[in-house]
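If you scroll down you'll find the structure; I have some questions about it.
Letters A, B, C and D mark the chains as written, and numbering starts fresh at 1 in each.
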Amino acid sequence: MSTYALSLSGLNKSFGPAQIINDVNLDIEKGERHAIIGPNGAGKSTLFNLISGLYTPTSGSVKLHGEEISGVPPHIINQKGLSRSFQVSNIFTNMTVRENVRCGVLNAMGQGYAWWRNIGSNKAVQERTFEILERCGLVDKAPLPASLLPYADQRALEIAITIAGGADVVLLDEPTAGMSHSETDRAVQLIRTATEGKTLIIVEHDMGVIFDLADRISVLVYGEIIATDTPQNIRGNEKVREAYLGDEALPEEVV
Amino acid sequence: METLVFGLLNGVSYGLLLFMLSSGLTLIFSMMGVLNFAHASFYMLGAYFAFTISGSSSFWVALFIAPVLVGLVGAVVERYGLRKVHPNGHVAELLFTFGLAYLIEEVVKIVYGKTAVDYRIPELLNFSAFQVYGASFPAYRLFIIVIAVGMLIGLWFLLKRTRAGLIIQAALTHPHMVGHLGHNVPLIFMMVFGIGCALAGLAGVMAGNIFVTDPAMAVQMGPIVFVVVVVGGIGSLEGAFVASLVIGLLQNLAVGINASFADIFGFLGLTEMSEVGSINISSLAPVLPFLLLVLILIFRPQGLMGEKEL
Amino acid sequence: MSDQSTYQRLAPSRGQKFTQRTLPFIILAAILLAIPMTGPSRTFYTIAHQMGINVVFALSYNMILGKGGLLSFGHAVYFGLGGYLAVHAMGWIEDEVGIWGSIPVFFLPVVGFVGGALAGALIGWPSTRKAGTTFAMISLGVAELIFAAAFMFDSFFGGEQGISGDRMNGIELFGLSMGPIAEVYWFIAFWMFVGILGMWAFTRTPLGKLSEATRDNAQRVQFIGYNPQRVRYMVFIFAGGFAGLAGGMAAVNYEIFTPDALSLIPSGLVLIMAYVGGITYFVGPIFGAILLTYMQSMLSDFTEAWLLYLGVLFIAIVMYAPRGIAGIVFGFIDGIRGSESGIYIKHWALNLLGILLMLIGLIILVEVSVRWSNGYGDIYEPFGMHLSHTNPLTWFLFLVASVAGIALSLFVKKQKEATA
Amino acid sequence: MSFKKTAILAAATSAIAMSAANADTIKMAFIDPLSGPFGPSGEAAYTSYLLAAEHINANGGINGDMIEVTGYDNKVNPKESLVQLQKAIDDGARYIMQGNGSSVAAALIDAVDKYNKRNPGDEVLFFNYAAVTPAFTNELCSFWHFRFDAHADMKMAAITDWIKTQDDIKSVYLIGQDYVFGQAVAAAAEGQLTEKRPDIEIVGNELHPLGKVKDFTPYIQKIISSGADAVITGNWGADMQLLTKAAAENGSDVPYLTFYGGSKGAVSSLGENGIGLLHQVTEGITNLEASDEQYALIEEYKERFPDYDYYYHRVWNVMDMFKKAAEEAGSTDPIPVAKALEGLSIEHAYGTATMRAEDHQIQQPLFISVVSDDVKYGVDNIDLGWKLVDNGTIAMDVAEQPTTCEMERPE
């Protein structure tokens, strides 16, 4: 049996009587760029929270490289190679941009919870930090406190922290939300280069971004995946059209 | 048997006093998220105001005027202090009230001196209500019970039967919703803070003369009030009520027990000679509330009857 | 080589490193070495020792408050437990119990560190699982619990009487008998330096950085592969350890520890020290500790109401300068370096004048009231003025100073708003 | 954390301060609680020292030098006391007075010993006027420490001697503060009662936290339900006052045999209920026959400090003996004064007091008194006061107890 990068089977999550995620099954190949779309309130963020360990599923399983990770604490999942970003900027506001990224790098560089080393004297950490900053176009902003960054740069930093640990499965939650056109283009470029060779799962509302980036798309409606297919096939899928009717007239606009 | 009866009587009167004191903080904390460190300072102010007023007129005047004055002080503190700090978050508010507690204590020291004042039980109530096992139960303690129950009914009426009460109740569990409904939240906050402080002041009026009215009374009572509020649970006056009685009974019953650890755990081989074995249950009394607090916070952070975690 | 130089571009230069990191410690060491040459008085030594202890204690507190985001009302527990262990160790040295006979008293702060860290490890395990208000409440509960329990276990805590020791025992180190106060100075100075250096170095470690990250955003820390509870727990142990180090210094300095050292009062004072000094800066708590110790021992000689002034100062800082004294100092330095330094200095000076005027008003009010309240017939007489509570001049001065001060502050505020 | 009350003293004694301008001052440090639950105990003694010093200064001082007494607030905390001791020494004080709390006294004895060892030529003396744990003049005795109050065993001997004559007391309840002094009182009571009245049953032996209990009701109810015929307590300060307050409220009507029933507020909170019941053991009471000068002194004290009563007679003994010793030694330096104090006797208002040389424990007659409404001087500003009980005078040699002290003396 070949192992998928990520495999969800029979995943359910309910809060009290409300069933938010309903029997989700999804297999994602290594190296695949997979997008999850769906109307507001469909449960996309909940799905991310289930995968990344923030929530424990009510039932079902989540496998990362064939290993069961449901119920495992988030930091362990992260150590196993799954990293995620957040819909709203979730950065270390009182630290500088460089320190933000450096914190993201630490674990992967085997620094653990070390209290006996000078963080500044580890060459590998510094190099890696610089590399990430450069890739995300943040080198010039490195000494600024993260809270003073303009919005687009905060989003870039969000991605920078997410990829800093070198995880091979990356979950991005609406990375371009609230960005202008030119900023979005830059962000897509960034995502493309930053996740080169990695498995990417992305939640987005901007269909341009989705159809530009994704190898396959899953459509989540009321907690259920109603379709998983290539962008072309999704575009022509009747069920998807129905689901989106009156919400966002997606496929036409994209075409 | 005697110990039990005494313990129950004193425990209930002390517990009700604690409830009088902590119900205000429960209101404030649940609604505003402010864990008011200075709450016991308002209790102290109540006692001192009552001392002053009963000196120039009578205890009965003080019983009504002192809590109102304390409530006004509270409202002013909220309006001109706490509200300014509010945007900086709950930790800043906590620190503000922490500093306020210092300030009130020092002002009291300057105005009333550093040692206890002679605040006495009114002559009218200074008699023995009844006798049990040769000891008399002071009428004043009975009076405390009456006032506390009266306050309980009044509070219940205010919360369940008036419009303002309904708003407050809604705000206890869903503070931000009330704002969306178009109510003047700052005004409600100021009123709740004022009322909460007034209740603490009332407790001070009642307790200052059976205990000691001195500048240390706030520091001594403060932590216990926190215990009641946290153990009772956020947003739950019922919880605060139960917690007050539990702590009141726990402390008073423990003092009455004439046994040591060795007597209880003797079967484990603990002897009077060992340090742990020689500890008396009665000397445990001051520790018990805090033990309860820590255990609750670790194992049941929402408190006895609260809905939200702290 | 070019690769290396690119990443090094972000790191501070050698010169910056020297001026920002090495130089302050060289200056500190120079000051500490120079002090005894000025032939200080006994009083000076007494206060300086207290400052040294408080500096380490306040910095250790800021490891969890400023850098870790954990508000604790029970930090004195670790100071006290570390100190108690050190006092006991002093006794073992005196009685030459086991290997203790061969350990110099000079190293007792290490014992304190171990004691504080052990206490932190034990108590921190349940309490650091939560942050925020829950943590604050647990710390309060634990502090009260341990304080109350201290009176039950006399063999360790010594009851009301506490545990005493004699520092003039065991091996002499560096030719210090540790008896006279001037010799104790070297002990305090050494350990204060070690404590500051150690805690500063801690901020430069991966764990130190993770602590800041956890303070800012505990959730996100999980998604960079760290367990925020473990980060908090480890930081807490270190903070306990350094508090214990301060306790060990106090044990040698005072040669006694009583259960009151564990109570809410020192815990509250250390909170005020750190906060007033400025918790967002490493040096903040040092400022706070020095100022508070000074107030505690010197201001208290001038005025009975020093705690009132402290309360006012604390509330003013919470309300108007949450970054503390360090924030004011560094803000001022940035301001005069800034582009509009002229206006900045003008506003600053006017503000200062306003504050001074209000302070004068407050001092008159408080000092006159204190003496009136005492009823010993004592009268407040600053600069030869005879300010009794019956003298109209008193109330006139109070009113003028207060009103003018408030008006000036409001004026500056308006002006600032207008220019902004 | 002290506020030095020098300023207040200066105001109170400004006239004398003027005349003393060209003489040296002898700085004496009063380290005791001046705030908190035990504040009144400290204040009462402090004001006594102020007045005593004022009188000595008005009569030309000691060897021409003026005395300056400065108060240091120690909050009955041993650690804080050492901080204040350090400060007092830094301020130039060579004589330390303390009395409230044996835990504090123990720390001071130890600290003074160490200081004198480390700073030869710069010694300080410790005049203990009220910390009465017996150990201080027995196994823990020190050359630098002088005690001007009868210790717990001596006072207990007076109480038990009196109990010996009270046949209707069949059972006794012991209650005290949980620290070295309270424990010493309990031990003395147990030991001496079994010796003098083996038939008496001790029905309760309770120790409560020092200065922390705000409501003694549960304790009083335990006493009542134990059915004890008498209560013995060493409580002092607020712990004494609150104990009597709860006793009155809960209707406890047995004799209270106390060391410090004279603590401020104890008599008034018991009120009429205390008549014939509340007893104390002291080295003198205001209602004893005395000279007119003594009456004048009592009245002057009351006039100056209306909140308090003339209670600390031993404070005058401290100051008078110090003066006499310094004059005999011809010096105000601690070592000669200490040597002169050994074996020194003075005649005070209520008898002879001698400082026993071997352990520095004062020896003097003791008096057992009881609350009465038939007195010359009331206390707590009410009409009740202390009256000598029948056979209440215990002669000096009867009160005297042996000592185990082996003292190291300087050359």
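Keep in mind that, in the parts below, contacts are C-beta pairs under 8 Å (C-beta built on N, C-alpha and C of every residue); 3 or more make two chains touch, one makes a residue touch a chain.
The shown structure was predicted, so the numbers you read here are calculated from the model rather than taken from an experiment.
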Excluding chain C, joined-chain groups are A | B, D
Farthest chain relative to chain C (centres taken as mean CA coordinates): A
For chain A and chain B, let me know how many angstrom lie between their CA-based centres, rounded off. 49
Taking each chain's centre as the mean of its CA atoms, chain B sits from chain C at a distance in Å of 31
From the mean C-alpha coordinate of chain B to that of chain D, what's the distance rounded to whole Å? 37
Per the centroid of Cα atoms for each chain, what is the distance between chain A and chain C, given in Å? 43
Check each residue of chain D and list the ones that touch at least two other chains. 178, 209
Where chain C touches two or more other chains, by residue: 151, 374
Which residues does chain B have that touch at least 2 chains other than itself? 109, 283, 286
Which pairs of chains touch, using the document's own definition: A-C, B-C, B-D, C-D
Quick check: in the complex, which residue numbers of chain D touch chain B? 34-37, 39-40, 43, 178, 204, 206-209, 212, 214-215, 217-222, 224-225, 227, 238, 242, 249-252, 265
Contact footprint of chain D on chain B as seen in their complex: 2-3, 6-7, 10, 14, 109, 114-116, 118, 128, 131, 133-138, 210-212, 214-217, 220, 252, 255-256, 258, 282-283, 286
Chain A contact footprint on chain C (complex, rising order): 3-4, 6-11, 201-202, 204-210, 212-213, 215-217, 219-228, 230-231, 234, 238, 280
So, in the complex, the side of chain D touching chain C is made of residues 1-4, 7-8, 11-12, 77-80, 82-83, 86-87, 89-91, 101-103, 106-107, 110-111, 114, 117-119, 178-180, 209-210
Tell me, which parts of chain A touch chain C in their complex? 52-54, 73-75, 78-79, 83-84, 86, 90-95, 98-100, 102-104, 106-108, 111-120, 123, 126-127, 129-131, 133-134, 139, 142-143, 161-162, 164-165
